[in-house]
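Per-chain numbering from 1; labels A, B, C, D and E assigned in written order.
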Amino acid sequence: MSTLILLIPLLPLFSATFLVLAPAFNLTIPKPWVARMGVGAVGAAAVCVAILHIQLKGQTNYALQFTYANWINVHSFTINFGFYLDALSLVMVSIITGVGFLIHLYSAGFMDEDKDYQRYFAYLNAFVAAMLVLVLADNLLLLYLGWESVGLCSYLLIGFWHHEINNTLAANKAFIMTRIGDTGMALGLFLIFYLFGTLDIQAMQLQAQSQWQTGDSMITLCCLLLLAGAVGKSGQLPLQSWLPDAMAGPTPVSALIHAATMVTAGVYLIARCHNLFELSPLAMECVAYIGAITLFIAATAALVQQDVKRILAYSTISQIGYMFLALGAGAWSAAVFHLMTHAFFKALLFLSAGALIFSLHHEHNIFRMGGLAKKLPMVCVSFLIGCSALAALPLLSGFFSKELILNRLLEQEMYSLWLIALIGAFVTAFYSFRLFFVVFLGKATQEPDRNPLKVMVFPLLVLGLLAIFGGIQPKGLAVLFSSASEEHHNLAIILFTIAVPLCAVAYAWRVYKEGEFGSPLPNPEAKKIHRFLFSGWGFDAFYQKRVISPFIAVTKLNQNDIIDSLYIGLINISAKLHRFCSQFQSGQLRWYNNSLVIFAIVAMTWVIIK
Amino acid sequence: MSGIMGFYLPSVLITSTSLIVMLMAALKRTHLLTNLITTVGLSLALLVQLAQLGKAPYQTSLILFDGTTTLVSTLLILAAWLLSLFLFNWLQNLKDPKEEYYLLLLLSTQGALIVCASQHFASFFLGLEIMSLSLVPMIAYPGEDNQALEAGIKYLVLSAIASAFMLLAIAILYLYSGTLSIPELATKVPELLSSGNIINGCAIILLLVGITFKLSLVPCHLWVADVYEGAPVPTTALLATVSKVALFVVLLRLFMLGEWHNQTALINIIEVIAAASMIIGNLLALLQKNLMRLLAYSSIAHFGYILLAILALKPAIAISNVDTLANEAAITYLYAYLTTVVGIFLMLMLLPETHHIDQLKGLFWQQRCKAVVLTLLLLSLAGIPLTIGFIGKFYLTLVAVNAQLWWLLAALIIGSVMGLFYYLRIILVMIDQPESHSETEIITTHTQLLVMGVVILLVIGGGVFPSMVAELVKEMIGLTF
Amino acid sequence: MIGFLFFLSSTVALISALLTVTRHNAVHALLYLVITMMAIAMIFFLLGAAFAAALQIIVYAGAIMVLFVFVTMMLHQGEVTMKQEALLYQAKQSSTAIILCVLLLLELVYMLSSFSTAQTIMTPINVNELGAQLYGPYLLLVELSALLLLSALVGAFHIGRRHQEQDRQL
Amino acid sequence: MILLTLIVFLLLAGVVAWYSEAYGSHAPKWVAAISLCLAWIPLWPVLFSLELNSDQRWLINEVHDWIPRFNISAHLALDGLSLLLVILTLAMGLVAVLSAWKEIKKQTGFFYFNILWTLAGVVGVFCALDLFLFFVFWEVMLVPMYLLIAIWGYENRQYAALKFFLFTQAGGLLILLSICALVLLHYQQSGQLSFDYVDLLNHSLSKKASFWIMLGFVIGFAIKLPTIPFHNWLPDAHTQAPTAASVILAAVLLKTGGYGLIRFVLPLFPDAVQTVAPYVMAIAAISVIYGALMAFSQRDLKRVVAYSSVSHMGFVLLGCFALNAQAWQGAVMQMLAHGVSTSALFALVGAIQYRYHTRDLNELGGLWQTLPKLSAVGLFFVVASLGMPGLGNFVAEFLVLVGSFETYPWFTAMAASGLILAAVYSLMIAQKTFFGSLKLNAAVDFDTRETAMMLGMAVILIVMGLHPQPLIDIAQQTLAHFPSISMGAKP
Amino acid sequence: MIDPDYIVFFSLALFSIGVYGVLVRRNLVFMLISIEIMLNAVAVIFVAASSYHGTSDGQIMYLLILTLAASEVAIGLSLLIHMYRRRHTLDVDQLSNMRG
């Protein structure tokens, strides 16, 4: 079994390495083989995961730890290459390989015309490998390795079309903003090592539970530093603004990295370290509030976006906000469950959006689309499924997971958060159907010039099914987090929560059914609010003004190195002194005579004084 | 008796050579023959002097031949010998009669030998005057050259004034102690000091006026640049090396004998002179474009450095007892300075009409051999390891640290860095690529190659394997009464 | 008597020395210098150094000064030189130098006055003794003096040599 | 005799290279490359056995008489730390030669002479155990480097060369003073004049004396490292130096500073080091940040990389003075990793300069479109320089920070923010050079020589990142002898 | 009987006069003359000291000073003539071609 687990990340890694190195050795691989390799590697990994599932069938409480090799061993600082498999990581691995495989398959069609086909698959495979390392790691340093590597792959893929400068800027932004969080996380790692003397996740949590009291400020600090990493990676407040820009990458990339897997790494991290977080109520509260605020802000921002991918991006932020909210409320399994369902329906949505874009010569603006329901029925259906699941319409996968979260909030008597979540749910349903209605109903303004390829349709199908029927919580999760929540649902409340999204959909229908949109807003106040929401609550402008501009100004100011002027000053002083001393070299014999006499006088004076 | 004669023999040889040269000039002037005779005479003297190394010391009331004397004498003769090898070509380009130059060269070397052997003020004074009065005509040697004339007059007048001050000092010392012998004086100094007067200080100050002038230490350094610039290159070489080194030995001898560390006022003055020489000398050289002036200023700094050894001779508070190390440091540094500077002047003699730094431009690509030698010599002056200059500087640092002369060491560091700047600047000019790449390798004769070889051997050989130098110096310093 | 003679001759020497360094006419100055030399010779004589006194007159006043006078006369061009010299030296402008000299003198005197010689008996040195010393232990000095004179001779000869083109100018 | 042979071999090879120019201007580079490969032979037995001497301290320990007057001997020895750095020197020397392969066309003989002599000097520095000998090598390596910059450098080479030499010379003189003081104090105590490191380890200086002596050493080494405020020679020297010289400068010359700190300062003055540790660490943290900020604001690609060196070497200083095992290991690793990654970047800039004759970031851009191989490799090293896990730099920086966090968490936090800034300037390099629209003409991509060289370095970095344990174990041979100091400062 | 202090004072005064001459006179002839005065002043001390101590050293020094003075004057005058020939002046202040 250990080999099997090892194979899971290694297969894509090998494929990536091969694809990267081939050009270096002047090896040209024919395009179909590139696709076969790239897709095949992830597919093989997925098969491995399936075998794993079969082997673990029936077991609910399992935790497998394998150590493969030693990495660093200095004094007491010992780090191994080791994998840890339990229900949580299995769920993650399944999502990554499963959804990953589908997206790879889809990409084979989507990227068909791109000349950098090979590079694309190399990156994508590398990403999958890194992500798998992240979720399988048994210690925080290895996790950090995966964590940074996925960041790097994300950077490379966002900036995949690098000749467009904006894409690379978006990539930079993504990397640097996540790096800010990552550095906090690194500090957290230092602190954890300092406190516990180990970076092994399980050992560390055991120690924490046994030796530290709940609410200890050191533990809180640890949690907050880890949270910083999670916030950065998962696009939560205040480091969320990179994610909308990250849509500059190819759409399948957005689906895989910026919806299904990488951005949920933060959720995974906190769930992974839940024992630690449980020791710190303050940190938990922080997580919950960050999630709540983020979900609200992102949802409202999604309301007014025009770019289909940006809408989805904001919705991703918002949905991850839900997960954070769940985590903060201690609903670990609910959070991971939502993570899973979100992976399905969001991947579906992105892929559908990709198909849309693919068919409409890279048109992103939803207001230039319309009436596509008949022309692209397949896309329309998958979109509908995705939007419904996103809106948490009853009986779709999103419904179950979101329901769990809301319930948990009530159980924990976090009413204000519950309220925000509910409002968020309303807004979510509204913007998702706004998207759907605007794109597929109304007047047709644009003709699709081609239909999605077959390889692209298949993943849509599978994901659509998953989005509909994926609302089954994996058993292992509940066991792992020992959250056998008593089902004492208040029926009224359940009904109420079901009703909220439905209302929203109805309202959206009223507003957008006939394509009466795009008209200028009536009053300046509304315009202002629109602009504010459109800019994602002005975070970008704020950062630009308060952080980036001052930073650039400061560095510009000091471009020539202020310290250097110290030495230049020294040079000038020396030159001045040189000229001063040279004055006395007047060439006048009598002055030279004088110097002898003056020296004699001064020296004798000194002797006399002494 | 023959042992005693051995000590005098180099001087006798040199004097006889000078007489022969004079006779030759009187009878029939043949430049080549004169050159040959001078070279042979100096070579013989050098050989004899080398044979004297390690002999038991000998002294009369006037003269002291101890290890230091013999060692430094060897160096002095060596310098003169090296110069004499290059003189022929250089003098050939001069319109003036040539023979006198050899004569004066020999006489000034003779004077220097006497100075460094003297232990009596009379012999010291007379040797000094022989040396400097022979140098004056050598400075003003080219009759057509206004600058040489100017330099000659300046040197004559200033050195006469300096001599007068020195004589006054000697007279005062004589008046109050009744003796002219340096060791005798040293025994009487404590007695003089015990009565709480300052005559000794006064006399030493007056003596210092003369000595600082001859060693071109700040503040009596003003003349040095003008004279170096005006004088012909070989004369400058002699001025920079032989005359200074010989005088420094006397200073060393003077300071070895007395109980100087008790006289804080004097020590203070010497400290100030040392620091000022290091800093001001280097500052003056910093942006100097004239090669000769630059070397003049750098020599100011070098003698500032070497004063550290004097100050470390009898330190007030030493870190540890290192016996004669300060003495060795001084002699080693003198050795390093002399060989390096002579080498540099020899190279400049090979590059006629080079006054300005920019004239060296591209030398590295046109006359590689010379440029490499010159570069190594400059690095030695700058005190970069694997050259003898570094060994000298290392000795100085060691003894100065031992004597805890921290402020002077700070000046040494500042001075060295400044010094490095202008030495490197010369190297930069040499390696700068000239616009027109012309391979005009001027043919070097075998003599020149030989001389360059000897210089490199002394400078680099001494730097890479300093143990020979160190052991020799230590042994020689040990040979005293 | 000796004291009086000393004061007399020293006063003469100082005054004529002062006059020497302040004259514009070089020949006058040289003549004053000769007087100074004579006065110093007198002092030597008073000090019991008869030989030195004789040498002072013969060599200094006789030989060296004559050399000076000779050269000066050679280069002297009457009124022109006088006017030139008057421009070159003006006593009024030499206040700094005066201050320096006075300072030097005062300091030297101050330092030397701190010491008093206990012994004030003069023992004249006769020529015999001098000769015995000079040609005894100090023989080397005589030889070196010869070398000094030789170098001066050669040097003066070389520098003073007339150059072809300069002959025409003079 | 092994080490002496190695050094003398390099020196002789330099002379041969110079003279071989007579047989055509291509001969010297072959001589240099071959001799750098041959230079491994003396080390071969050591590399295989890694067995310590009987005194459990050295792999090789050889003493040759030199200056008996001062009891100075040519004491050369090799232990783990030295071995690593000597290997780095030889490897990066080869890289330097390869990167100069086509670039240097004039005076090739003298060029390779200087390269080999610099390397010989550096090897000497890493092996010398006699303080006097150490100082000699320390200064000797400067001269050929100075000539390299001054002759084959770019526009402003003379200024840069002078600055380089003067800064290091000033530091060198301070070190000389400290050596002299140390030796004399030891002499006074023990009655034995010795410049030998092993002897001097047993000194018992007063607190004040050891503080001042240590300060001299630290400043001298800090100039070489370099840390602010003594870093100003570095950007100029790097920018103006020819590619090969930049490579050597970055790869090994800077490391002599770090080596000096670890070899001499830490074991010789364990107590004094503790008193200055907080101040030095503060300076180190500021160095990290300042260097990164400066790197971001530069427009000359080489200057960016040079300032990034300042930033990276700040970690070395931080690690040295954190005074615990992890941080020391981190510092050693950082020296190695930085040596490889930064010299690769310099080689890369050299390759760009060779092709486009510019290093101005505003003129470059979009290179990926014409030079995919170069750009891909470049991106790899850019990423390495920002401390990507899995590569050597990360292991190093992480170890340093983990170690120093135990002693001074606040300085560590400051230095850690350098990681963010590293990302900022590294990505700026990537974006302005490789990405965006193409502004320049097409050019020839990497040839086999360049690809092989770069891939070699990439592999080294990956190995260092994923399997650093052998290196750590080798370095441990040295670090195990350090007095373990625990500061016990809780956050 | 002459008090040694007087002699010393006399010679120091003479010396200072010589120094004064050296410092103020621009004419080379006068400079040389002033130097002679300084040398004479020193000679006085030597001779006097010789008498007081009853040793002949001082007088021997006087002889040496005499030699020196003669040599110096010889060379000095030859330079003087040389200068006059080339420059037609004896003003040493004009000898300042080299500076800096």
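Here are some notes:
Heads up, the rule we're going with is that contacts are C-beta pairs under 8 Å (C-beta built on N, C-alpha and C of every residue); 3 or more make two chains touch, one makes a residue touch a chain.
Everything numeric in this text was worked out from a predicted model, so none of it was measured.
Within the contact network of the assembly, the step distance from subunit A to subunit D comes to 1. Of all chain pairs in this entry, the one linked by the most C-beta contacts is C-E. Placing every chain at the mean of its C-alpha atoms, the farthest one from subunit C is found to be A. Spacing of subunit C relative to subunit D, judged by their CA centroids, is 70 angstrom. For this pair, subunit D with subunit E, the centres built from the Cα atoms lie 65 Å apart. Here the CA centre of subunit B is 42 Å from the CA centre of subunit D.
If you average the CA atoms of subunit B and of subunit C, the two centres end up 31 Å from each other. For subunit A, the set of residues touching two or more other chains reads 582, 585, 587, 589, 593-594, 597-598, 600, 604, 607-608.
Residue numbers of subunit C whose C-beta contacts span two or more other chains: 96-97, 100-101, 104, 107-108, 111-112, 117, 138, 141, 145, 148, 151-152, 155-157, 159, 163. Annotation for subunit B: residues 122, 126, 129, 133, 136-137, 140, 143, 152-154, 157, 161, 172, 175, 198, 201-202, 225-226 touch two or more other chains. Applying the touch definition to every pair of chains gives A-B, A-C, A-D, A-E, B-C, B-D, B-E, C-E. Contact residues of subunit A toward subunit E in the complex are 582, 585-590, 593-594, 597. In the complex of the two chains, the subunit E residues touching subunit C come out as 1-10, 12-21, 23-27, 29-30, 32-34, 36-37, 40, 43-44, 47-48, 50-57, 59-60, 62-64, 66-75, 77-82, 84-86, 89-91, 93. Residues 65-70, 106-107, 132, 135-137, 139-140, 142-143, 146-147, 150-151, 158, 161-162, 165-166, 169-170, 173-174, 176-177, 180-181, 183-185, 187-188, 193 of subunit D touch subunit B in their complex. Residue ranges on subunit D touching subunit A, taken from their complex, read 163, 228-229, 231-232, 235, 293-294, 296-299, 324-326, 329, 366, 368-369, 372-373, 376, 383, 388-390, 394-395, 398-399, 401-402, 405-406, 409, 412-413, 416-417, 419-420, 423-424, 427-428, 430-431, 434-438, 451, 455, 466-469, 472, 476, 491.
Touching subunit B in their complex are the following residues of subunit C: 107-108, 111-112, 114-115, 117, 137-138, 140-141, 144-145, 147-148, 150-152, 154-159, 161, 163.
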